[in-house]
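Please read the structure below before turning to the comments.
The first chain written gets the first letter, and so on, giving A, B, C, D, E and F; residue counts start at 1 in each chain.
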Amino acid sequence: MVESEHSLKASTLVEAMQYISKFKGKTFVIKCGGEIVEDKGAMNYIVEDIVTLSLLGIKPVVVHGGSKRIDKFLKDAGIESRYKGGLRVTDDRTMEIVEMVLMGSIQREIVSKICSRGGRAIGIAGTDSNMLRAKQDKSLGRVGHIHNVDTSVLSSLIEKGFIPVISPITISDDGISLNTNADEAAAKIAIAAQVEKLIILTDVDGVLDTKGSLIKTLYASDATKLVKDGVIKGGMKPKVEFGIEAVKNNVKKVHIINGQLRHSILLEIFTEEGIGTEVK
Amino acid sequence: MVESEHSLKASTLVEAMQYISKFKGKTFVIKCGGEIVEDKGAMNYIVEDIVTLSLLGIKPVVVHGGSKRIDKFLKDAGIESRYKGGLRVTDDRTMEIVEMVLMGSIQREIVSKICSRGGRAIGIAGTDSNMLRAKQDKSLGRVGHIHNVDTSVLSSLIEKGFIPVISPITISDDGISLNTNADEAAAKIAIAAQVEKLIILTDVDGVLDTKGSLIKTLYASDATKLVKDGVIKGGMKPKVEFGIEAVKNNVKKVHIINGQLRHSILLEIFTEEGIGTEVK
Amino acid sequence: MVESEHSLKASTLVEAMQYISKFKGKTFVIKCGGEIVEDKGAMNYIVEDIVTLSLLGIKPVVVHGGSKRIDKFLKDAGIESRYKGGLRVTDDRTMEIVEMVLMGSIQREIVSKICSRGGRAIGIAGTDSNMLRAKQDKSLGRVGHIHNVDTSVLSSLIEKGFIPVISPITISDDGISLNTNADEAAAKIAIAAQVEKLIILTDVDGVLDTKGSLIKTLYASDATKLVKDGVIKGGMKPKVEFGIEAVKNNVKKVHIINGQLRHSILLEIFTEEGIGTEVK
Amino acid sequence: MVESEHSLKASTLVEAMQYISKFKGKTFVIKCGGEIVEDKGAMNYIVEDIVTLSLLGIKPVVVHGGSKRIDKFLKDAGIESRYKGGLRVTDDRTMEIVEMVLMGSIQREIVSKICSRGGRAIGIAGTDSNMLRAKQDKSLGRVGHIHNVDTSVLSSLIEKGFIPVISPITISDDGISLNTNADEAAAKIAIAAQVEKLIILTDVDGVLDTKGSLIKTLYASDATKLVKDGVIKGGMKPKVEFGIEAVKNNVKKVHIINGQLRHSILLEIFTEEGIGTEVK
Amino acid sequence: MVESEHSLKASTLVEAMQYISKFKGKTFVIKCGGEIVEDKGAMNYIVEDIVTLSLLGIKPVVVHGGSKRIDKFLKDAGIESRYKGGLRVTDDRTMEIVEMVLMGSIQREIVSKICSRGGRAIGIAGTDSNMLRAKQDKSLGRVGHIHNVDTSVLSSLIEKGFIPVISPITISDDGISLNTNADEAAAKIAIAAQVEKLIILTDVDGVLDTKGSLIKTLYASDATKLVKDGVIKGGMKPKVEFGIEAVKNNVKKVHIINGQLRHSILLEIFTEEGIGTEVK
Amino acid sequence: MVESEHSLKASTLVEAMQYISKFKGKTFVIKCGGEIVEDKGAMNYIVEDIVTLSLLGIKPVVVHGGSKRIDKFLKDAGIESRYKGGLRVTDDRTMEIVEMVLMGSIQREIVSKICSRGGRAIGIAGTDSNMLRAKQDKSLGRVGHIHNVDTSVLSSLIEKGFIPVISPITISDDGISLNTNADEAAAKIAIAAQVEKLIILTDVDGVLDTKGSLIKTLYASDATKLVKDGVIKGGMKPKVEFGIEAVKNNVKKVHIINGQLRHSILLEIFTEEGIGTEVK
């Protein structure tokens, strides 16, 4: 090792050490969006980071989306995907396919990847042990907004060293399974479990300002304006909105980062500078 | 209450009490076959019995099959179901559908039913945390025979009061998910966890002799002959064979009973006479 | 088993299961009156039920009376039994015999019966570790009314899986042992330990109305009238009065039942209909 | 305090401290013979010492006899006391009185005395939870020799800080209560519980030699000769014999001391010189 | 043993037993002054008493002074010892020697003596883990008054059965080590840990009145006057003043005794009369 | 952050993570030699690394030397430093100064530095609680070789989260304190506690070969030859010899590194390449 390398490695290590000791034993909710779960290369690095966190004594909880693959399966079944206000209109036939794709396909892939790297993943749905209770929005069909999170399932699994991988299917008080936005599920879980961090992995570098530059730190007040002005829009809108809700409800930090960058999670968490947008 | 009723209820109670106190804290593996999971009426009573066991301090572990529904979904997808020696020939496309039907459809239904009656069900697959490791039988494609069961996942869930509902998907040592017979999965789990009972629910009254009468107690030696003579055949054959394997490996008792009878599980377990076939 | 028997047994079991799981870990105070302890046949079934409760994880605490046998011993010693307001006038010589009969004879019999059926009975008096403190009613001599119950003795024994069998001898603040009504002792213990049930076993079917029919549910207000009208009288009076006191002080339920009926305790507790009078 | 008193008290304290710290948490079986329990003055000091031991963290277990009082009660009932080889011939009627006197009279007195000084005494018999199992010696009627001690009852009580006071009634394997010598009961309990000390309180100064002088240390070999020569005889014989048996079975020390001396137990235990006979 | 000796030993024992059981598990802070630590003979008895307390389950914490030896070492180094208001004026060079003498010489001696008698002594300074935080009195140089005691170090050591031996070096909030009066250190530790007793060992019999007689019980109000009148003066003044502060802050008792008396600690603690001055 | 920095930091992090999770909960013995403790700049970085290890859940145990400062103090006292075979000839007067310098000066400095950075250091000697027992080598005077290590002191402190800082003073079986080589003390502690790593900090880069190049990995067999050939000599000789002894006795790894390099400990431990010599 040459002298400059020494110095650089040493400074990276000293910096990282602080964060590692700070986060030991803490829970991070990591949301993998519907686009990123289709990017096998990115998912390999993401899963590697998740298993690394776990080895360091940090407790990762994974929440995944799946709209892209659901769209494909619906198309194969001859069903048209319809959205209102960013949420999928979900009839019974659609819901059947949603559950099968989320639980039987995407969740299985993530669980397998984590297990093959030595992590102890267990895939569950929000309906397991009635963990995520939701109020049905009948105008959208089988769609629900979470009003109650029973964290005992998660804490039982976490305590035993498992990495929960959660599909965002929720249960109405009448016992009907509902389709729920994955950003919402991740945020509500993060709030209920009062976690240290909510990390939202997407396929862009974070929140961009009007000039297209990355906003490293996004304050709630500014965010509201950017949403109103249409700068924050599309899929980024719910991310920012649920991120703000999480921060306001005592989730310590929310990060929106580009999951396509190699080791994006480690770089965001263990370096002072970070790589994405932190919502405050 | 009239005197005779007194006496009858009293004797039923006294009889049941013995078994209840005997089985408190013990684990029962309950296998719901592919036909019985399609019978909604029967499933309601079965789930009620499962939740009752759980309230009594007995630890139920549910393993389910799903061939009937898989056949239907394959047919919808234009794929022909093929079997060799009773096992489904499973190519990659078939496997994709198998996983989606088991995890995303049947498992979800059972979990929901249990949760709606107050049980704390959690649906998992044999691939979660690499619980069920299998050796691939390449002549059948994505089909595997279990060679290792990691019971730590089950014991963690059971200890926390959850009712595991397990889909018989297994993992090869190369990390590939495989399709496995549910009777095999149930028996291997029962053996690995050294459970008190393995209860196989099917849609006939138990094992029948050459005259079609129910055999209340089936000895391993007789069973072998009955199989050879073709009296035990079809779907009953693997049930009996895995049952014998379980008994030989210290599972205390194996019951093959008709899940269509109301409260079949309670009657088999808590009365001296029972209702089905006990394998010894 | 014929179909109708199936159905009957199943319904009895389903009914009982609810109660069993509900009462697991709860404490029942069971009072065996002075007449019933002289009926060896009845005591066999009562003790069998007590041991059964214990095996089911319910915690029985037995309180026994003994007036009949005390009368006999007093007579043998040439002492006349005298009562005022239903309570025995107790001089020092009488008290000596009371203690010897309760502790050295009746308590010994009950403990032996329970132990011979596998229960872990331990006989104690209210004077052990000053468990039952009483105020002396000097007009009756060595007679006391309980003003303080130290439940730590009971909870220590119960926690270790023992079945306490308690003779109703109490201790004055001056350290003098006193004779106390067994119904009172049972009720005061039930209240202090905040138990689930107080079951008073006697030799009639329960509380009867003016026409001699069994009152299945007796409300406090009605009871007061029935006592005033002289319908409830004799030995039943203190049972009802202490029963009402228990119910008013958060003992969940009080049952007055006929200990002569076989398995009377199981039938009262584990069937919806019950067999005696429930005080509310 | 004058200088010489300083020195004397200091040496007594330093001496005692060693023993106190050595015996903390250890169990002592203390046997109060049938004569000493009739001496109220002596019993007051004995009970004070027992409570003191308990406050110091030593665990006393009291075993009491009662032949003198039993003789009196039998006489009152017109029954003649008969002995064979030092043991009471016990028919059913006699046994009834034995149980009543031991449990209902003597045990009650000792329990009361201990409780009135702040000790947490609980009186039990060897029949409670089948603690002392005995083989019946039918030539003597209802008399038994202990063949099994279940120490779990004792350890449960001791662990909870109670002082067990045990009447030497034992249970045959057929469930019949038997009369057993108190020295035997004390020794068998001491052996089964592997206690630190067995202290036998009687009304003479210890074992005397042929000249009538106290033997401070009695070796097993010498004892055998003294018994053979008739120097050790009467009630002292079983004390010495069971003492030797205890010592041979790993009870650390056996003391035979005069319970009539004030604070005899403290003086024997906490001074180097002691006051009675130590059996080795 | 003759009769009078019996009686005397018995009364000493009965008296001591009360205190022993009362103080079991309690913590005593024992301060050994700078003169007494130079008296090897006295220290042998003191250490013996400390180890005895420890064996009895009492938790001793030793705080030592050292002015006499420090004076000697300073003199050897050609430095003059200077005092203001009873406190040593401490420049950096002096402090270097103070630390070396306290930690490297006196503390080592006490630790060795305790260890050689079987005690598990561990020598620490008030600077270890920043246990004793002090405010610097710059007019005296490197001298500090304690404003905060972190008792976690002590409780960790005590819980593990160690006997802490503490040198009165303290730490300023700027991380500079300071010289602190040992009486102050002992009193502040006693207060912070809310101990049962603070025992100050010196080389006189206790606090003397105007006629030179020992004051057995010294009340705070009287003490203030005696200080004002100059009866309490010199090294006794801080002992009395910190003693009063300790008593006012819930240290149960403070004793000022002559460590030169053999077994002074045992005599003060375990006899009713005591030997020194008790501050109330 | 630029792309190349991303990649470099990411790789450093990924590399370090492995080691961090591997070493969590493990104990490292870190020996600071007599030269390095005089280098205030180096000590600041060393202490920073020690505190960092502690925050990461690694358990550091510090052993320090002090020959340089002892030499200086001896010189001031007019005593000549004499060595035989690399060990200091130690008479009583010398030993007095050795203890004072090690415990009262150097140990104090290290404890203060660690505490001021938030570590919970506690300074002890090998004589505390008789932790390090040694056999005196009388030819050298008060010098000892360790024959027994009582690890209970260390494990008690470590378990409570303290960082022990140990001066290499040992205790003979006669209770005499002895001077012991710090490399020996560190190695013996590492062996007795079966630690993960023994890290020896010195003021050269590690072990050099005949050409003066750093030997990255030194095998025991080669080391023996290098010692024989005089390539390894002086102060490096005992480091290598005790290092080999440690490795042979199951200390997982021994590192000899240059404590003058900034963050030398972190770089050696958390990078694959390392910076010094690893003994195998």
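Here is the rule we go by: a contact is a pair of C-beta atoms (placed from the backbone, for glycine too) under 8 Å apart; a residue touches a chain by one contact, two chains touch by 3 or more.
Note that the coordinates shown come from a computational prediction; the quantities given were computed from them, not determined experimentally.
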Please identify each chain that touches chain A as well as chain E. F
Pick from C-D, D-E or B-C: which pair repeats the contacts of E-F, with over half of them the same residue pairs? C-D
Hey, how far is the Cα centre of chain D from the one of chain F, in Å? 61
Can you give the whole-Å distance between the Cα centres of chain A and chain D? 72
Per the centroid of Cα atoms for each chain, what is the distance between chain A and chain B, given in Å? 35
So with touch defined the way it is at the top, what topology do the chains form here? Options are line, ring, star, complete, other. ring
Counting contacts the way the document defines them, list the chains around the ring, chain D then chain E and the rest. D, E, F, A, B, C
Touching residues on chain E, where the partner in the complex is chain D: 1, 6-10, 12-14, 16-18, 20-21, 24, 48, 52, 55-57, 261-263, 266-267, 270-271, 273, 275
Can you list the chain E residues touching chain F in their complex? 96, 99-105, 107-108, 111-112, 115-116, 120-125, 127-130, 153, 156-157, 160, 162, 169, 171, 175, 177
